[in-house]
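So that you can tell them apart, the chains are marked A, B, C, D, E and F in the order they are listed, and the count of residues begins at 1 in each.
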Amino acid sequence: MDKLLLHSMIRAFLREDVGRGDITSESIFSENEMGSAKLVARDSFTVAGVESVAAEVFKIQNPTVICVDAVEDGTLSAPNLPLLTVSGPAVDLLKAERVALNLLQRLSGIATLTAQFVEKVRAYPVRITDTRKTAPGLRVLDKYAVRVGGGANHRFNLTDGVLIKNHHIAVCGSIKYAVRMVRGEIPHTIRVEVETHTLEQVEECLSLGVDIILLDKMTPEIMSKAVRLINGRALVEASGGVNLKTVEAVAMTGVDIISIGALTHSAPFRDIGMDWSL
Amino acid sequence: MDKLLLHSMIRAFLREDVGRGDITSESIFSENEMGSAKLVARDSFTVAGVESVAAEVFKIQNPTVICVDAVEDGTLSAPNLPLLTVSGPAVDLLKAERVALNLLQRLSGIATLTAQFVEKVRAYPVRITDTRKTAPGLRVLDKYAVRVGGGANHRFNLTDGVLIKNHHIAVCGSIKYAVRMVRGEIPHTIRVEVETHTLEQVEECLSLGVDIILLDKMTPEIMSKAVRLINGRALVEASGGVNLKTVEAVAMTGVDIISIGALTHSAPFRDIGMDWSL
Amino acid sequence: MDKLLLHSMIRAFLREDVGRGDITSESIFSENEMGSAKLVARDSFTVAGVESVAAEVFKIQNPTVICVDAVEDGTLSAPNLPLLTVSGPAVDLLKAERVALNLLQRLSGIATLTAQFVEKVRAYPVRITDTRKTAPGLRVLDKYAVRVGGGANHRFNLTDGVLIKNHHIAVCGSIKYAVRMVRGEIPHTIRVEVETHTLEQVEECLSLGVDIILLDKMTPEIMSKAVRLINGRALVEASGGVNLKTVEAVAMTGVDIISIGALTHSAPFRDIGMDWSL
Amino acid sequence: MDKLLLHSMIRAFLREDVGRGDITSESIFSENEMGSAKLVARDSFTVAGVESVAAEVFKIQNPTVICVDAVEDGTLSAPNLPLLTVSGPAVDLLKAERVALNLLQRLSGIATLTAQFVEKVRAYPVRITDTRKTAPGLRVLDKYAVRVGGGANHRFNLTDGVLIKNHHIAVCGSIKYAVRMVRGEIPHTIRVEVETHTLEQVEECLSLGVDIILLDKMTPEIMSKAVRLINGRALVEASGGVNLKTVEAVAMTGVDIISIGALTHSAPFRDIGMDWSL
Amino acid sequence: MDKLLLHSMIRAFLREDVGRGDITSESIFSENEMGSAKLVARDSFTVAGVESVAAEVFKIQNPTVICVDAVEDGTLSAPNLPLLTVSGPAVDLLKAERVALNLLQRLSGIATLTAQFVEKVRAYPVRITDTRKTAPGLRVLDKYAVRVGGGANHRFNLTDGVLIKNHHIAVCGSIKYAVRMVRGEIPHTIRVEVETHTLEQVEECLSLGVDIILLDKMTPEIMSKAVRLINGRALVEASGGVNLKTVEAVAMTGVDIISIGALTHSAPFRDIGMDWSL
Amino acid sequence: MDKLLLHSMIRAFLREDVGRGDITSESIFSENEMGSAKLVARDSFTVAGVESVAAEVFKIQNPTVICVDAVEDGTLSAPNLPLLTVSGPAVDLLKAERVALNLLQRLSGIATLTAQFVEKVRAYPVRITDTRKTAPGLRVLDKYAVRVGGGANHRFNLTDGVLIKNHHIAVCGSIKYAVRMVRGEIPHTIRVEVETHTLEQVEECLSLGVDIILLDKMTPEIMSKAVRLINGRALVEASGGVNLKTVEAVAMTGVDIISIGALTHSAPFRDIGMDWSL
């Protein structure tokens, strides 16, 4: 993650949670009263966002805060495992606490769910990827957590990837015409992906030299046929309500990529707290 | 929700998802080609953010988009229930689609989970409230969804509410001293709330005329004792890992407020799609 | 005051006054030519914003500027009393000078006027508070100066406090209905305040358990009656054109709070200059 | 005033005062409940900022608000004179009220004080101007109010005017050297002004062809001598603690411009209220 | 170009050029005095940015400005050809004039130079593309103008395209290792491009299945050999100081893409004026 | 150039070019891998923006980057002359490279063209100035480069200078009326400039005591007559398509200022590269 970008996001998040100040803590602590605390896992999960995000939150709230003993992103935690030690003005630790935890808990949730999917398909040469179904404003972080969990990223936004969907095809009248229109306009550095729902559409894509063929909401049986038909002539992506129970069956079809919205839209927070050492 | 604030948030979310443009759709559609589509529930849930948020997304992407037939926020959906009809330049509908859906799906998730909690305690004179455990940058929306679901909002940020927690008390040496320091500094329009873990602390709060007493991670038995002890002299809030199984037992203790982080930090997206009418 | 917030305000103020540069000073001084100067009181007043604000202005203009010998906010100055010594690149001292002085002079004006009101009612257990009648864009600073002068703050904005006014009551038909509507919507952490103009309205408020009763533009006689009527069952606030001549009479009525718009809307600048040591 | 600039300022002011919404009014009014009110002068003063500023505040809060019957800026008000009638959603009128009044009251204060100075020197061919002693963030508005009051504006910021002051001269060793350094660097569209304290300095300026000579804190006697000495060869500006009692004596010396910080730094709010027509 | 993005850029450009207002025009024109003018080509060139950009500038300065008779972007102009007619408040036309012209003149310059390159290679199946050598802050516009001129866009920024350059290879020790590291990290929607300087490097790329091979600063002879070697197994891009004299020789080598920095970094403004109809 | 302003511009430029990160370099380099490189001139030209701009770009991308051995702005380069050495995390050097070069190459182009004009008129007491024909968003930098090249700046924007043009005069009916309207409104620190096309207009300006007379698109013969007519009673500026071939003839007429749009609108990039020391 680019730091300049991350920092401006964190500043906005602190504004939201701190407002014009912490009226409780500022009433009790003088500006320079020091404190020290640990962020501690309360459970087992894949950690994401410790030094990369949570520590940055504390340091942006006050650059004199010192963050040490960070576990590496991707570590599997255990109950009571300290993840990060922060020391500095108590009032700033308290102001940064909630933002740091909210981010760390969300990102660890995403990384953990991703790691569970990745584990399920470890035996197959397949990539688990995210989608654009992220929390608005948090995409760069959500997608970072997917990578921490062992997944890969799909396109970031509508500008840096092409995906010709049903509605585009319907309007154009054919995949052929839609692909031709797109190819004339986009940078040569970007691949063309087409969403298909039938083997006929897959064949049409192959005849056009489409780079990536998305098999959307197909059964594993049809997917297997599609993979054999494609036979390495395009990357093959599967999507459509894949879950932890069905992901292995999808991987077995031989697709190259499985994209899963749930990674970012429905991963619950993981349990992490902040313990003070008085 | 204040519209000026909402609009600036939506503009940022569109920038994130649209980037510099939708290279697929802009290649296929001319700027003025029209389209029409419906946002449709795929399942049963409490709807939040239809006219209030999703319709605003489409209208900010292009003010000529027309949004009609919005169901009211708070409606219980059913599979295939149309929630909103949007008509306008197809390329703008496509650009706004994902942001509108991501928000609508998240907010409906929060409203639905809140409504489930509210339903569980319908027989009791208790308020279900949220916490500050929201997705950073989305708090104003997350808290709106809680209200749609029948819940109420706790303080928005560290400036507009006082909560004297463990660590404040530990540093001050006593609740008494902490309360006194805070009262001298805060506006008289804001109540003082203190987090307690024992009945002794509850008694100390009562002797100080604390406005709100938070019973944190107590058993229902201890809570019941605390409620009897307080006997209407302060508002009583319960918190600490309350879930759908335990919430009724907590409500039975007679507390006034139950605050639940999960409302906003772990509600999964609800299933909503966008169907085009070609 | 939260530093992250303060710094972004100061940056905007410097942009306004410095524009794209100081064409006079940049023509005369090289970038690294050093200088030193003192901010000096020309008169007697309550100082506000020295280290907290003025020093920050210089350090934001150039982080290498050194600020020493700051008198504490709240100090009573005398003519020729040095308030702050600044040293660093002369061109940056000159660029920051006017913004630092404008803020320091304004805040000292507010603190001084507040202290004059506070002094008048020193014998009474009453709080002098500000209102929302601040200079737009400067509220966080204006309200800080009120605290420096010994006053307290009323609600900061329309979100973090409730005040049911005449027009709300008129539209609702009764205080009762207005209070009920508000109570259902607001966080439990915020008190409900109602503006009253008659003893009947005061009684209606008492019957509803309103937290704060505002006595607006009443005579001291009526106020005294209201205070006796209320008898500790609600906080009592007086407002309406209170000035230095009338404030003691208002305090004698026994109200808890006197809110005064003039503190922030009509306090003149106090006289402060910047003297160079060549 | 440029509207694009004004609008972005007003948006920030509304954010400050409204926060995330008006929790009182939003509890009581539905979004579309209509209302109508008048801004009314409570006293006699020179009005500034009615259609130009206050009406814009209402229209930015909600573009459907209708503003009619605005008195012209510069009008002399009388008690109970309606200044502006606003109609629209009541909740938006209430949200915009305080910002609109705070600006209108401040600007009318500045215009009134300016008009008083202008009136005192009506018999003399002299310009009353402001300084950079404005409320930070409000300069563009403060200086507009000065013009409404019949005054003129001095330079807006450090970039668009040259003023060689004491310290510049001291560092350069002579006015001559300072002027030469500045002339080589600045656009030819900008005049060079030099601050003087003695007749010798005035003579030095004349010999250098300086465009504007500032007579700072001189007695009227010395000023008169300076004016005779200059004899039309430069514009002559007087400054330094000029007040309503001394301004005519300064004007009688024959100076072209009198600049007065108090216009913007110490003009009290004028009394204006908002009366609802139920 | 996405309008929301374009509009925020234009607002910033107007702020830069208009500042706080046009002191000349605002002194002479009342706010509502109307005017009408035409943007007119003074020479022959490929027009870019008329309705898409220049008209937007006028409409953002004042939404009541009416823009008609716009020639289409891509049109070849002739001396005195009217490009756009604008009507509205004269003061706003004058405020928007320079920004509109500066953009229109720059973009027409880029489109014209691009069209000249495209014309030179019309007989060859080759794409002329831009680079990242644009004016900072103007990339989205500069690249639009390239498309208007018949060229295509290379990657927009460092995030949406991969280009493994000399220094990356040197640090990794081999192309192989560099490609492997990159492939593991990037979205599958993005192609991998490698910069080569020798035929050996080209061969190494082929063996790795690199998607795009950049032939940097090679002679046409070596390029021809490279193209034959690649033989359709990768896209081939040529770069390195290509100009109007050499571009055809490069195209003859059979490369697919020729990228040219000069399109955006050195195209002179085209001559366009604004003629008023009094 | 003011650093606070420059830094916010550079941050925006980096966002444009870096996007969310450099996916190539971040795949290959760890965050702390160090590198060192030199910015090197490939040709002879007047250098502008080395320490003042390019070094700032690297330091804003990462404050730990060290920049040494900067040649001074205004230096005449030679092929292979190192301009700046940068050392720090390789990934940050790569992220900052293109923005630093794009700015340095553009500014050096402008400085070089300016220096060529200045050289042509070295024998005459005339100032070469820029215009408002700059790249939108880059004016503060473009105008800095003009100064580096030995030129001077004209007004920066429409607020800080007056130029009464044809259309203003036409609408007013006469220069006299236009000048009078403007003089009543503008700060006394700003000169009044009038555009003229005939000797009659020049005479009208003289009779009004106009400060600066612009001779627009006149022949050198007419210009000479105008200069003799003016005879020192006003500054004289020449404009209108002046180029390197005609500039000396214009200077010979005795005008004080020659303003040239091409300085900023059509100066090509100068050739500068970045060489890594592995």
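The rule is short, and it goes like this: a contact is a pair of C-beta atoms (placed from the backbone, for glycine too) under 8 Å apart; a residue touches a chain by one contact, two chains touch by 3 or more.
Given the structure is predicted, the values throughout are model-derived calculations rather than measurements.
The chains in contact with chain C as well as with chain E are A, B, D, F. Interface matching across A-C, B-C or A-F places the copy of D-F, with more than half of contact pairs shared by residue number, at B-C. When you average the Cα atoms of each chain and compare centres, the chain farthest from chain F turns out to be B.
The two copies, chain A and chain F, are related by a rotation of 120°, based on C-alpha atoms and rounded to the nearest 5.
Centre-to-centre, using mean CA coordinates, chain E is 22 Å away from chain F. Chain A and chain E have Cα centroids lying 33 Å from one another.
One inter-chain figure worth recording: chain B and chain D are separated by 45 Å, centre to centre, where each centre is the mean of the chain's CA atoms. For chain A, the set of residues that touch two or more other chains comprises 18-21, 95, 156, 159-162, 185-186, 190. Under the stated contact rule, the graph of chain-to-chain touches falls outside the line, ring, star and complete shapes. Pairwise, the chains that make contact are A-B, A-C, A-E, A-F, B-C, B-D, B-E, C-D, C-F, D-E, D-F, E-F. Put simply, chain A touches chain C in their complex at residues 11, 14-15, 18-21, 60-62, 95. On chain B, the positions that touch chain A within their shared complex are 9, 12-13, 16-29, 33, 35, 90, 94-95, 98-99, 101-103, 105-106, 109, 132-139, 156-168, 170-172, 178, 181-182, 184-186, 190, 261-262, 265-266, 268-269, 276, 278.
The touching residues of chain B, counted against chain C in their complex, run 127, 129, 147, 152-156, 159-162, 185, 187-191, 193, 212, 235, 237, 256-257. Residues of chain F that touch chain C in their complex: 1-5, 140, 156.
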